[in-house]
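Two complexes are shown next, each including chain A; its partner changes from chain B in the first to chain C in the second.
Let's turn to the complex of A and B:
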């Protein structure tokens, strides 16, 4: 049984409720206990840091102060939302780097009788915990309904793998963690080239054309790779790809019908939970057609005869995927 | 404190304070320091204290010599620059005047005082303290005699690239025996993989292979390929080298190099070494047609016979019965006097920069892959084509500084990539007529004829985009990007983001130290920088020697460099070695450590700390012993020994403690 301090964030209460429901099911299965921080508040999302820095840091650090009080045998805070994860990690990192900021923030927190010592908590994303603490073997052993035949585009968005203050991910541009996790569920994972590209963030509200352009890129690439569904780790990515797909189609005259769900929903499915309890059905672009594929064996590929034609040139071997490349393992 | 000076009542000390032009005198009141020493340290034995504009000049040295004669000095203290620079100068001056050179002490008031301080009064006071320390210390000096050792005339050259070949040939031509040890199956190194060399565009093989053949045939060179140095014992002039001759599975005395075994071998393997992964070889193979020696080697891991017990096609067809599946590695031992390390570099693994797509996107190539593709003996017979093996590109993007000048990978400049990128641009344009884009951060074309080559490529119409590439992707946004690789980069000259669709991308990968550079450095008892490049004795004035006597470095092992510089270093290292060999014997610094046997507990702490592998542990007596010829007198073991059982001439406990007391002297009295 692994215990973690849990910071759900606002999205998981509302628009990303299916994320919350499904991660609870998954965590229970793999033996993770999540202790929610009492009286937590919004992380400030992407907006507040653009308005006033010190209050923004104070707002987010209040949660760390509360979490540190709660720390009971564990000092790891798990955040499933990528904006929350980034903001918590950012506040902790910059307060450590700039002692002056730490003093200012603590001065603000003092008003509420709180304080936080930077560096006293570990801030990690749920995906990181599932891969590096629980491990692929445990996940594999829980799979009762493999996602065989389902072509999934792994989509991380921009805020989880970067800037990666604590060097937790295998690579900043093409991390492989989500790919490996989905593969462990039996899914067919496409090599999605835009997996760390931006979904447009809050641009749908302030410059919709820009957002449509960015969503169009993601959807076109996922379609080209013949993905049935996109799996994400970020409530904002899910919201943008899902809710603005219709407008994007209208704007470009396209007909994308790409469902996007949370990776925990797919894990839950593979673990045998029902689509309903995992929150399927709440997405706007329906995942029904994609779900129908699960369980059906992929058609057998026809054996082709070896071509006698002069073959092309060999490709370089991809880097060995030892998930996280340690200092020693770095291939020179 | 006074007891110490009382124990040396007879010593007569001369003190010399250098102005070093204004290097010292601008920040230290040198006249005051000298006057103070004469007045206040008379009771220590100071009989004369002088200041002089340039103590290292011949007039300055003569001053010291004259005083030794006339004032009967028995000790000399010079307050000037770091001992690294002029200790030898003043020791020699003392020797000329009949004083044992080791009775001279140099104290640094330049590097450690005048250059690092901004307060003249404090700097002057510090100079006095440092000088006082030197005077207390010199009282404990003892006359020492250098030890002479004979120099074995043979030389070991490790690494058969162009630097190693050059060094081996120079020494062999001077009439001395050389062992040239190469890890791969053939000598030639990276240069043998290239097609053309910048800036003259002469064919790499045409200029390299004659030198390879010469090295292979030279009566004074013992060529050992497919071999690795396992161990080195001994010291300058008398190294004992152990080499593992890996089993070729081919009896070289019988093999004629006809190549039938390779032709008949049914197993095809991707050649990661010579063809940079772009082509194939067999399980028994000679890496390239001009290989020296021309004997094949067997790749046991991929051989069908070693895997399944069947096949033996090579043996069946060999006309001279030269194939021997039972052949084992052999250990060869021989003595040498000097060693030159020319082990070269590894290419930066471009897969690490995942946003450039190497390994994901099929038409992204590394510079070495392109070298092979471009080479007439390479996998495409010199055709510049895409990964499908047939399509000629219409447009090619060349990205500079891949893995270099990048804090995520290597901070340093790999120096050769700019010229390499320009060479590629010229060759692509000449052979395919494709449009070529060069993406560079800064264009670095120093050295003879290089910038002229840049101008020529500019005139040929190559496009240059100054800015770091963000991404190479196959995700199209515009119709003209469909089916292409798109290079996204900031063009810093027009201040705009640009997306340039091309058919082929070449990554000008940087140079990195060999993956095993650190272990190899340890085998030879030399040190490498944090990056892994081997450290020269002096970056400007002694670029091919190392801090370990008798071990020299040449070529890229010391840092990234091009062919002319590698050759120059190979020749320079050879010249140093030839000079040493001709001395026949050499004097070794007598400043070294020794173990007091009755106090050594055999804890072995000192064994691993010694950077020069000079400490030997005797299992039978459980005692450590220091090889006086290997010891460089660094003092690490003296400080580390928990039993205080190690003492160093020139840095004994008495000397160091006396120096500390001198430093802490009360200046007010």
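Let's turn to the complex of A and C:
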């Protein structure tokens, strides 16, 4: 059993409930215990920094202070949301890089009877923990329903692989962790060139055309690579690609129908959990068609020896039943 | 080297570039910019910006306060950190953008309200509840800024509500008083140095 301190973040309580439900199932299977920080608050997303700096960092650090109080044998905080992960990591890192920030934030925390020593916690994303602590072998050993034949676009978005203060990822722009994980589930992972490109972030709310352009790029690339589904590690990416796909289609006159789900939903599926308990069906662009593909995926057959006849001269093959040739066309 | 919001007499002696660096969290390394343009070339939203990050940093160096704070560039930045990991000088570009936003808001320089009001509405929700409140945020923001988009978005909104992905009521943290005290003190601390 591995124990971690858990910071779910606001999205997992509302728009990304399926992420929360599915990660609970996956964590239980692989032996992860998550101890949620009591009475945590919002991380401020990308909005508070631009309004007021000191409160923005104090807001984030209240969570770290509460988490450090809870640290009981473990000092690793796991955040499943990219923005939460980055903000917690950023506050911890900058308070070390610039001690004055740490001092000021601690003066603010004092007003609430709290304190935090920068560097006393390790902040990690759920994907990082699954790959580097639990390991692909354990994940593979839990697979009972391989995702054979499902073409998945691994989509990380920005804030998990970048800026990566602690150098946790294989690359900032083309990391392979999510690809390897999905491959371990038996999925056919496409080499998605835009895997760490931006989903538009908060732009749907402030400059929608900018967001549509970015979503259009992502969807076009996923379609070109014939992905059945996108798998993401971020609630904001899920929301933007899912909820604004309709508006993007309208804006560009396109007809993308690309479902996007959380990577934990696909792990859960491979682990044998039901789509319902994993929160499938809450996506706006339905993943039904993609799921049907796994349901009907042919079981792996053993390689049989090629029949000797095929090595001979090419012979006309009998037509499949139900197909007729228009003889006139053949003559022409 | 940079430090967090130095006292006002010190700020007065700083150039604009130094002031922005000093107001940025962490060590911004803004003064190390060599104007190579890797940032703008890596930016997925540069097309919609008044100035590329490189241009904006040149303007800061030139002391063009008003033009810099009126630029839409930091508001179009999507915080994707592509420029940050590619910058050969390790400038904390995204964080510099946050600083410029903050300076533009406090000096009321930036005129187009949509972006800054979205941030402010988001922050209001946090200061009231301790958690983000998507339904309140979305309705308040879209009614004011994008009323014409609402009919087209109705099916999405209904979808999110019926699939229980958006709560109609906000959740408030238990110890809201503690958070308020912390944020109030943080604001005082920030203000004494302004």
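The rule we apply is simple: the second predicted complex is superposed on the first by the 294 of 332 C-alpha atoms of A that agree within 3 Å, B and C clash if a C-alpha of one lies under 4 Å from a C-alpha of the other, contacts with A are read in each partner's own complex, and residues count from 1 in each chain.
The rule is simple: a residue touches a chain if its C-beta (ideal position, glycine included) is under 8 Å from a C-beta of that chain, and two chains touch if they have at least 3 such contacts.
None of these values were measured; they are calculated from a predicted model.
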*Just chain B (first), just chain C (second), both, or neither: which does A:191 touch?*
first
*Which one hits more chain A residues, chain B or chain C?*
C
_I'd like to know which partner A:221 touches here: chain B for first, chain C for second, both or neither._
first
*Considering only touches as defined above, state whether A:36 meets chain B (first), chain C (second), both or neither.*
neither
*Could you say whether A:105 touches chain B, chain C, both of them, or neither, answering first, second, both or neither?*
second
*Using the touch definition from the top, say if A:173 reaches chain B (first), chain C (second), both or neither.*
both
*Interface residues of chain A shared between complexes with chain B and chain C*: 172-173, 217
*Which residues of chain A touch chain C in the complex?*
10-11, 13-17, 39-42, 44-55, 57-59, 62, 90, 93-94, 97-98, 100-101, 104-105, 107-114, 158-159, 162-164, 172-173, 197-198, 200-203, 205-210, 213-214, 217, 243-244, 246-247, 250, 281-282, 284
*Any idea which chain C residues touch chain A in the complex?*
2-5, 23, 25-27, 44-45, 47-48, 74-76, 78-82, 84-85, 94-95, 97-99, 101-102, 105, 114-116, 118-120, 122-123, 126, 130-132, 134, 138, 141-142, 145-146, 149, 152-153, 155-156, 159-160, 163-167, 171, 173-175, 178-179, 181-187, 189-190
*Which of the residues in chain B come into contact with chain A in the complex?*
270, 277-280, 346, 348-349, 351-352, 354-355, 358-360, 362, 366, 369, 373, 379-380, 385, 387-390, 471, 473-475, 477, 512-513, 515
*List of chain A residues in touch with chain B within their complex*: 171-174, 191, 193-194, 217, 220-221, 310-319, 330-332
